[in-house]
Structure formats: structure tokens, C-alpha cells
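Take a look at this one; I'll ask things after.
For reference, chains read A, B, C and D in written order, and residue numbers begin at 1 within each chain.
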Amino acid sequence: MRNFVERHTFWAIVLLLVAVIFLWMIFAVWPDWLVDALGRKKTFVNTLLNGVTLGGLYFLVASGFTLIFGLMRNVNLAHGSMYLLGAYIGYEVADLTGNWFLGLAAAFISVAISGVLLQVLIFRRMANDDLRQTLVTIGISIIAADAMLAIWTGTTYQFSPPDWLFGAANLPIISVIKSSGAAVYIKYPVFRLVVLVIAVAVGISLWIFLNRTRIGMMIRAGVNDREMLAATGVNVQLVFVLVFAIGAGLAGFAGVIGGTALSVAPGEDIRYLLASLVVVIVGGLGSITGAAIGALIIGLAEQFGLAYFPTYGVVLTFLIMVVVLAVRPQGLMGGR
Amino acid sequence: MPGTDALSRLQSTGQYALELEAVSRHFGALVALADVNMTVKAGERRAVLGSNGAGKTTLFNAITGDFPTTTGRVRLFGEDVTDLPSHERIRRGLRRTYQISLLFNGLTVLENTFLACRGVTRGRFSLRRPKRDDGSMELAQSLLEAVHLDDVKDKQVAELSYGQQRQLEIALALSGAPRLILFDEPAAGLSPTERTLLVEILQSLPSHIGYIIIEHDMDVALKVSQRVTMMHNGRIFKDGTPEEIENDGEVQELYLGHGGGHG
Amino acid sequence: MGKLKHLMAATLALSITVPAVSAADDIKMGALATLEGAFTVLGEDGMRGVKLALQEFDYMAGGKKIELITGSSDASPDSAVRAVRKLVEQDGVQLVIGPLSGSEGLAVKDYAKTQPNVTFLNGSSAAQDTTLRSPAENFFRFSTEGAQWMAGLGEYAYNEKGYRNVAVLAEDYSFPYTQVFGFLEPFCRLGGKSAIDSRFWVPIGNKDYSSVIAALPDDVDAIFVALGGADAVNFLTQYEQSGGDLPLIGGSITVDQSVLGSKGKARSFVVGTPSAGPVSDTWDDPRWKEFVAAYQKAFPDGFPSPSLFAHAYYINTKAALLALNEVNGDLSDGEKKFRAALSKLSFETPTGMVSVDERRNAVADIFLTEVIEGPDGNLLNKTIKVIPQVNQTLGVSYEKFLEYGQVGRENPSCS
Amino acid sequence: MDSRRLFSGSISFKDIHPAVLIAAVFLLAYPSFATDFFIFQIGAYSLILGTIALSLMMLAGYGGMVSLAQLTVAGFAAYLMAILGENSMDVMGLGWPWWLTVIVSVLGAALFSTFIGAVSVRTEGIYTIMITLAVAVAFFYFVRQNYVLFNGFTGFAGVEPPTLFGIYWRDPVPFYYLSLTVAIGFFAAVYYCAQSTYGLGLQAIRDNPRRMRALGFNVTLHRIVAYFFAGIIAGFGGVLLVWFNGRVSPGTVGVDVAIDILVIAVVGGMRHPIGPFLGAIAFVLLENFAIDLIDRERFNMVIGTAFLLVVLFSPDGLLGLWNRFRDRLRFRGNALLGDERVNKDGPASTGSLEKTE
């Protein structure tokens, strides 16, 4: 951090200024000229929060994707299928037991197991042939999508989280002051804030796991130099299985979170696969920090696009991707 | 010899095939090349010696542009090529071989050599199949004869023996009109007979072709070079004629002492 | 084994010169629905409608046996045309029922023009232009379309509910355009307002509506929502979560059973939402009840009650069978007699009398409904009113209706 | 392999393998004994999909760049046809003469492809799949949302080939021959150019880009040029596609269809330009007749399983399967004759491609 400030003083000042302006825009009561320029404050603040929380959800999905790629150079294009599978399994368990948290746990565990099976049965057999691995995952995702359609049909599913997670809360942010002088506070859905908290918690846990534990450090070493990992006498296959389990499990976990925040329906697999692709291309493949930054950028772009120019909002995210590629092909945080 | 007086001569003459000026290469915290200054005259045959990790191959990569340098300038035949991509440097008469054979396994020996000849001429984007009397094709044929590979020219590279692959490496480096070739351990893994053949090929090169050779085999290195540069920890450590180097006490101690196993 | 043989034959049919001619005098009927992709479930229900009608006639019409051949698309117009071409040119069907969705309908209508000797009856596709502009002589639609479905809703919102200014939230493609047009046209004629900048067009398949919800204006009386399936479920949930409190007005598939009955939280706040469409689940008319009972008996694994897709396919198939009876199965002379019979046909359906106008589009009853909470807590659509015999031009002349222009994001301008 | 044949640049009549002659006669005579349906929807459509998949095969098989955006390139040409030429939708339809429309559409597609190449070749390998997939999706969303130029969700209809020399070119037989001409033309071009200087260079770059730089080749430019050529092939495929369907809409350029093209190329085989056409025939037959064999609902399951099996067990696709089968036959035959030179007498003039790695 200090390094960054010293090396890029100019950009540090710009970032600081932007942050200050944003904070002011969030907490101040907007003067009329600003309302004229940007519309109501409620729209802006809500969109900002939506962007950040959607970014949190994207981070949950993309972090597993980027972890698997970082270590194994395997682009798991069945990652979206794992997301959807986790959502359905989580729904079934939560519905059966009546406990949303059990659903969450079941999704993580069962999808982690499916990830391990995938790693052991398929990827291990075609190590060092990443193109073929990619094609295999495309095949698996086609089959999985159809199988899930057969089992769960095209109906839309929605979770019933505990009541204290549902509904809207008043944030300590004033939207407008009515002519009577009473302040109107901004309302915001509780669960979306929970998504953000979970994403931050998962992000921090991953960071601690990768930086403060022995096995995590091995994984990081493996990301930088796979031969070195083998040379240290570590059981590389075991590390691979572990990473695959975590990455896949995170996708299943995100399935329940995303399914609760939004809904579960066929087609979500491709949606979240694409979101993960764009996030890691922007953020840089293999970097957890990159995934966080990429997810934030894409989440904000999507929501601001939707609120302020809905027609081309979807295209905006891809435009960002192309621009990043043109300027920094390895992604914002990509090291290679 | 390297130093300020060398610098003053650099701009003018063009009699040097290669001039390196304060070239460094860092990998993160690791310094693989530190402030290397070096000049090689046109037609000169130079050996670069040093233990593993001394920075020899990194030096080659810096010269060819396979990896960019961190600091410093590289000049080829009097022209500053520091900012040119590697294919542009090749087109100016530079060639190299690789320590591990980097060949085109899906193509035949002849096709490999043909591409090497075509790489520095016009018609790289030609959509016509090369005819038998195509200039590059004729050149490739004669090259293969020169390195004794003409009887396997229609085989795919993957089918060749190790020694044949090394020979092909050299053929690729000799194709076109090279003026300076970088040989990266060409003798490694060769049988004694094949080594003799290699020395023959090197010695029979026309005199206008200079080269730099990385070689662990002292016998080979001293036989085929006019000057020897010793590297250690990314720096140039000694520089002189083969005799000077052979008799240098420091070299004996540092390199031959524990590096002798190679030769 | 029989199927396998068929495939082998077809594969080897690189050597077959004419489509296999089947037993003597059977009539071959093709049915096209989305049996793959995201709309599979809807396509299957459409097929149930076809089979229900055929069972009712015991697979006989005009003294001839009816052979049913199915075709499948993935809801893209390209795949619909390929499937219907296979039915007509390879399987040799003499009439086609289908397709399911709007843009498929437009594509099949264009294809129909190239096959003057085959008669096409719509499935459930509801795009206005299929029959309104440059219709095909041999394409009939006995089911109504998106603008017709909104009949009476605009008047109801203005007169009964007292709304004067509404915002619009709809998916960004032709079907919702048609629905918005059908709702706003009478609403605005009465004096209602809906500013262009308070209409929100979201991409189809959008899941996250929270930012759109935040952008919705506060100073309107209600929101007209034309979203379908998962999109509608998502919007309703998120609207509730973010504490939205404006009343809603629903498009035909926004508060239907697929949305109200979706797995998850019951949305009590949609109670009172008016909507309109070609069917009403709780209509206590004997004809409708009989239809529902027959559907439930024939398809125990189907929906609890027939969807509007099953209904539309049923009506179109039944029209074909009735007309075949009329002409005694005579499909000679480019099916001229058959088509004349179809044009003159007027028959009783589970939802009232249906006939077609001069452009072969249905004139039928439309149901104005409102969401109520049923006895066991589930949400239902209660029939408020039946709008009788709605035609495609919504009561004005064809020429005047064309002056309204094509449906789109800004039609009607309403300011 | 006989090097004279490889480098002679001309193939004499007796070099042509009998199988090629049989195939040529069959393809030419096909309309005389097939029904209109088989001529148009099976024959012509296979040739069109094969042509688009050929552009992918050229990039992936020779260049090692798996692009999922080839269908997008074809779709771009198809859209340009509707925008510049005539359509029945009252949107755009500038009414340019048909020949100009075709030329501009194909060139436009080639430029678009070049742009995709320029964006994606700066990174290598697996990145290409991801970036081209993202480009394909972005294009899909864009045409679906843009009404001014691309007429949004509805797209365009009424795009037809011209009536020329008194022939209406969308009639099954003329259209079949038109598609056949285009397909064979590009097949021959790819087959021939695989052994050209440029083609050899492309394959060498696939094997070892770093070494190609060290031989003086501009690897990045070489790759981008490959995208340009692939764009021309896909562009013509797109022109035929829009004439075949008579329409183009976002559904034409959807992700699932883009993946179908990959399935076709991989299932057919990426080591020889005939592979994509074999894959296309298999795919089209399955697409049309699966409904008679299995429940259509599970069509994607069948396609996915076939694809997965091929990737897992026969990386060279149907072509590889056939080669293996033939090798085994020959091995048996030669073993009986006591001939050890099993692999020396390869098939006629297929170059180095057909050999296994």
C-alpha cells in the first residue's frame, strides 16, 4: 500500500479525491443542481450499493474460478454448472429441512465433492493438455445443463431465508429532507447487505488461508512455479484436489447465496460463467485480489448501466473487458 | 576493455557485430544479468563460459529479444535494436539455437528448414506452395546436405533421433544469411562422433559469419573460439584469448575447479 | 426398433426420392413447439393442448385418421423454420399447428407463403404483425395476440382504479411492446399519462432489478409491469425486499400461475393486482371447468391447470379438426375448401365463441382478472369481467388501427 | 511421404485418390436422386455449417487458436447483408446491389474477425477461448438491444439471394450447388494453402511460437492474418446462412449456436479440412432426425455426450476414428504380407497433417 502511494503519487491522490467525492455523495443531502444533473439521490445511492453487493456475489463465484485456473491452468468452463447445481441442491436441502443454513452447507459440500470427482476422474488423466480440458468442461456443461433441466424443469425457484434476513432496513443515509423538515432515510434490502458481508468474509478467509497457512503458501508457490511446488516434495495431486474442492465448493456456495438474493432458473449457469470470465479477464487470471477488483468494477458497471442507460447496460461490461484487454492484456492484477 | 572508451567507439564504425551497453535483466528480486558490457567484432568467434545460473542463456535471450532487458542498450551491426521485437533482430542477420531443441514437431525436416530460410526473405505470407526451384527451398536442400540430414528430410521432426534434432537446430540457425549466430550448448548430449562432426561444421563456417557459443565442453569451446568470456552470477568476470583463460588462476579456481565435471 | 428403422431409413434417404407416403388416406398433421431449450416446459404443455383436442376427436376428422408428427424448436426463429420445413417437406404433413413464441410465429408465417398447398394454424405465438401486416393466405390464428389480451385493462385502471399516471417496466422486445401498447392505448385515450422517460425497458433475462426499482419514479399512481417467468418472479421479490409500495398492473404473463405458483415466498403484496389475458384459472363457467377436468384427467403429470399455451394449441387444433369435419377431410385443390371452412368457422371453446376476421386472426373473449388470496393461502386470479369478442384492431377500423403505427418503446407517446 | 508432391504446387490427375473422385461424383450427382428437403435442409445446410466450422478448424487446427467467435463473424456478415441489401422489416435495408452487398459484407466480416484476432492474439492459449466467447456474447447482447441498426430482438427477415441468369438461387438445387461451390472452393483453398509458405508458418507457430520469432517471423501479425482469412471463410458462410434462413436475428448468433460450431469442428476432426464437413453432416442429420429416434427434449444431452466422448476418447474426432480404423486394417493386411513399412505409404496427398503427432 505504502509502496503504491510512493510509486504512483498522482494516482493515489486521484483515488483519494474520488473516494472523498463518493463519500460526500453518499452522506450529504444533495443540492438541487446535483439532482438536476444525476437524478434523485435515492437512485444513485441504491445503484451504488447494488453494484457493490452484486460485485460481492460475482466475487464469490469468480474467486473459485480464478483459484482453479491460477494453480492448474485449467479453465473450468463447467464452473457455471457448478453454481447452478449448488443452487438446486441447496434449495432441495433447505426445503426438506426447513433450514436455509443447512442448504448452504449442503451446496458447498456436494459441489466440492463433484469438483473432486471431476479432478480425479478427468483432469488428472489429461494433465498438461489444457485445451482438451477446456473442451471437456464445455461438454460437461452442455450435459449438466440438460440434466438439470430434466430434473428441476424450467420452473423458477426461490429460497426462503430466515425472516431476519428478508425485508428492507433503513440505512443511516438521508435520501431527501421533506418540506416538513423530516428526513427520509434510504431503505435497502437486508439480504443484499448480507451478501456483501459474506463476500468480504470469504475474501478475507481466502486471503488468510493463502497467506498465513502452510498449505496456502504451497498453493501460492504453485501458482508462481509449478515445478517448484513439485520439487519441495509436496503431494501435488493432493493440493490440486484441495484447490479444486475449494473452488468448486465456492461455486456451489455462491449458488445458494445468489439464488437467495435473486432466483434460480435454467440459464443461470451460462450467466454466472460469463460473469466469472469477464471478472477474471478484467481482474487478471489467477489473482484473488484481481477477482475482487474485477467483480467490483463489473458489478458497478452492470448496475449503473441498468439504472442510467438500461438499453446498453449489458454491453457496457463487455466494453470494459475489451478496453482492459487492449491496455493490459494480462488483466489489472495479472502478473504474467 | 569495455568501458567509456568502448562507448565512444560504438556510434561510429559498425565494425562490431554486437555491442551490449550496461545490459541488466531482473526477475523480481533476482538479478540474472547485471550491467553487462560486451562487444563482438564482425566474424569473431566467441565462447561464453560459466557455471549453471551464471546468466549465459539470459544473455542470449537479451540479445535476441526473447525476453526484454530491464535496462541497457543492445546494438547489432551498429544499429540500436533495444526496442525492436525479436523477429526484427533476426532479419538483421542474427540467429540462435536453443539449449533444449525447439523445433516444429508437426512438420517435416525439410519444412522446418524451409521456414527458417523463408523467415528472413520476402514471401512469408505467400499462399502458394513453394516450388522445388524456390530460392528458400534450394537453400534448405543444400543446408540439409551440409549438416548431413538430407536423407531424413521428409521425416517428421518427432521421428528424429536426439542427435539429429540437434543437427537440425544448427541447420535452422545457419539458414538465411546469418552474420552472427548464438549457439546455446550445441554439443550437450552428443556422442563423441557427433561432437567431432559439430566442430567440423563450426570450423567450416565462412569467415564472415561470427558466432557466440555457450559450451560446457572446454575442448569444444577452446577449439572453435578466438576469444573467451567468463560469466559468474550475471556478471562478466573475465575476458581473453583461450590461452589466457586456460591459464588464469582465478578461472581455474572458480570454474574449472568445480565446473570441470562438465568437460 | 421401429424408430431406429425410421432413422436408418431417413439416413439412407440420401437415396430416397420422394417423402415416404403413408397409409392411403390418412391426414398428416404436424405440431411444432419448443421441446428443447429454456421453454421446454411451455412447449410440452402446448403439445398437451394438441393431444387433448385430438383425443376429443378420437384422432379422426372428416372420416379420416389423423397422424400426428411433432417438430421441435428452441424458440429461435431459425430453428422454428428448420423444424417446420422438415415437417412439411420431409414428413409431408398437410397442416401444421404452431409455433409457440412471437418471433417464431413471424418466421413461420413467412415460410407459409412459400408453401401455398399447406395450411398453417398458429400455436400460441402472439406477435401482432403475424396477421396484421402482410398476412399469409394460408396462416390462421384462432388464438388471440398480445394487444388483444390487454383488452379492458386500460379502461379498468383509469375508471375503476382511478390511476392517472403510470410508470412502465417491461422486457425489451416485441411481445411486451405489444402488451404495453394494448394497455396504454385505451388508458391514454381516456386521459391517462405515461411519460416516455418513466418507461423502463430491461433486457430479457435480466435478474437483478434493484437498480431499476430504485430508479422508478415516486410520483406515479401505479406501475404497469410486463415481465414473464423468472424475470417476473425476480422483480416481485426484489420489489418487496426493497420496500416498494406502489400498486402494480400486470401483463398477461406477469401474474399468471407460473409466477404466482413459483417455488418460494408467497407474495401477498400482489393481491389486488389487475391483469388481463386469454384465460382465467378460476373462471367458474362450466365449459372452462370441463376443459380443466379433461386436461387433468388426460395428463396427471401436467400442470395443475392448463396454461395459456395448452389453451391456445388446443383451440387451434380443434379449429382444424372442426373444419376437416366440415369438408369431409377434403384437402384437394390446394386445400381450398378446407381454408374456406376455416375462414367461416365459428365455434364454442372453453373460453367462449371464437371466429376469425378477414386477416384470419381470432376474435374472442378476453378475461379481466385480479389477484386474490385463495382459501388455502395460495394466490389466484379471480375473473372480474369478460370482455366479449375482442378483435385485433381493438374496435376501430383496420385503416385507423394501422395509423397507430408499429408497436415499439414509444408507441403510444401518451403525453 | 513424397516430397515432390508436397512441394510441386500442382497435382496431376493420377495423384487423386479414388475416394476423392467418388466423393466428388456423389456430391455433384446428389440433387438428381435426393428430395428437395434433403438437397436444401440436409445438403446445403451441412455445407454452410461445415464452411463456418472450416474457418474454426483453420484457426484451431493449423493455428492453435480456438475461437468461439467464428459464428459471430458469420452472423456479422449475415447482418450486414440484411442492413446493406434488402429486407422486409422497414429498418435499414439500404438496397445496395447484391454483388456489392456480398463483397462489403464478407470484407466487413473479415475486418471484424481481424479485430477479434487483434484483441485476442496478444494473449495465448486458453485466453483465446475465453475472450472470443466473451466477444460472441457481447455481440449477441448488442444486436439484441440495438434497434436502430440491428432491429433488436426481432432482427431481419426477407433477405434473399438475387435472381441471376434466370435462376432463383434460393431454389433447392441452385442453392445446393451454390453452397457446394463455396464449400469446395474454401476446402480446396485451405487444403492447398496448408502446405503454402503461410500455412506452414501458421502450423509452425502453433507448434512453437517462440522459435518462429527466432526465425524472423512476426508471429503476432501471422496470427492476425489467419483471423482475416478465417473471417473471409466465415463471412461467406454467413452470406449463405442468411440466404438459407432468409432471416437473421439474435438467436442466429447465440452462444449455444456458437458452441454448436465448436462441437461440429471437434466432432468432425481438426486435423484435416474435411473434418468440419463430416461433423456438420453428422450434426445436421442428428438435429433433424433425433426427434424420430429419441425424445427431442434430450437433444442437447445427446449432442453433449457425443462431444464429450469424442474429446475424451478420440481427440481427432470422426476423422481420427476413421484413420485409426483404416490403420488397423492396413496393419493387419501388411502383417499378413510381412511388410513392415506400415506407415510409410500414407494416404494420397494429404500432407503431413494426417499423420499422428
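As a working rule, a contact is a pair of C-beta atoms (placed from the backbone, for glycine too) under 8 Å apart; a residue touches a chain by one contact, two chains touch by 3 or more.
Computed from a prediction, not measured in an experiment: that's the story for all the values here.
Novice: Can you give the shortest number of steps from subunit A to subunit D, where adjacent chains in the path must touch?
Specialist: 1
Novice: Which chain has its C-alpha centre closest to the mean of all protein C-alpha atoms shown?
Specialist: Closest chain centre to the overall C-alpha centroid: D.
Novice: With centres defined by CA atoms only, which chain is the most remote from subunit B?
Specialist: Relative to subunit B, the chain with the farthest C-alpha centre is C.
Novice: State, to the nearest whole Å, the distance from the C-alpha centre of subunit B to the C-alpha centre of subunit D.
Specialist: Using C-alpha averages as centres, the distance is 42 Å.
Novice: What's the distance between the Cα centroids of subunit A and subunit C, rounded to whole Å?
Specialist: Taking the average C-alpha coordinate of subunit A and of subunit C, the gap between them is 38 Å.
Novice: I'd like to verify one number: the distance from the centre of subunit B to the centre of subunit C, where each centre is the average of its C-alpha atoms, in whole angstrom.
Specialist: 74
Novice: Among the residues of subunit B, which are close enough to touch at least two other chains?
Specialist: none
Novice: Where in subunit D do residues touch at least two different other chains?
Specialist: 141, 145, 297, 300
Novice: Which parts of subunit A, given as residue numbers and ranges, touch two or more other chains?
Specialist: Within subunit A, the residues that touch at least two other chains are 311, 314.
Novice: Considering every pair of chains, which are in touch?
Specialist: A-C, A-D, B-D, C-D
Novice: So in the complex, the part of subunit C that touches subunit D is made up of which residues?
Specialist: 3-4, 6-7, 10-11, 13-19, 35-37, 40, 44, 70-72, 74-79, 81-82, 85-86, 89-90, 103, 106-107, 110, 134, 172-174, 203-204, 406, 408-409
Novice: Any idea which subunit A residues touch subunit D in the complex?
Specialist: Touching subunit D: residues 73, 75, 77, 122, 130-132, 134-136, 138-140, 142-143, 145-147, 150, 270, 274, 277-278, 281, 285, 311-312, 314-315, 318-319, 321-322, 325-326, 329-330 of subunit A.
Novice: Flag every residue of subunit B that touches subunit D in the complex, lowest number first.
Specialist: Interface residues on subunit B, with respect to subunit D: 64, 66, 85-87, 90-91, 95-96, 98, 102-108, 110-112, 114-116, 118-120, 123-132, 134, 137, 153-154, 156, 158, 172, 175-176.
Novice: Any idea which subunit A residues touch subunit C in the complex?
Specialist: 39, 42-43, 46-47, 50-51, 54, 91, 95, 149, 153-160, 166-168, 187-192, 262-263, 265-268, 271, 302-304, 306-308, 310-311, 313-314
Novice: Can you name the residues of subunit D that touch subunit A in the complex?
Specialist: Those residues of subunit D that touch subunit A are 66, 119-120, 122-123, 125-127, 129-131, 133-135, 137-138, 141-142, 145-146, 255, 259, 262, 266, 297-298, 300-301, 303-305, 307-308, 311-312, 315.
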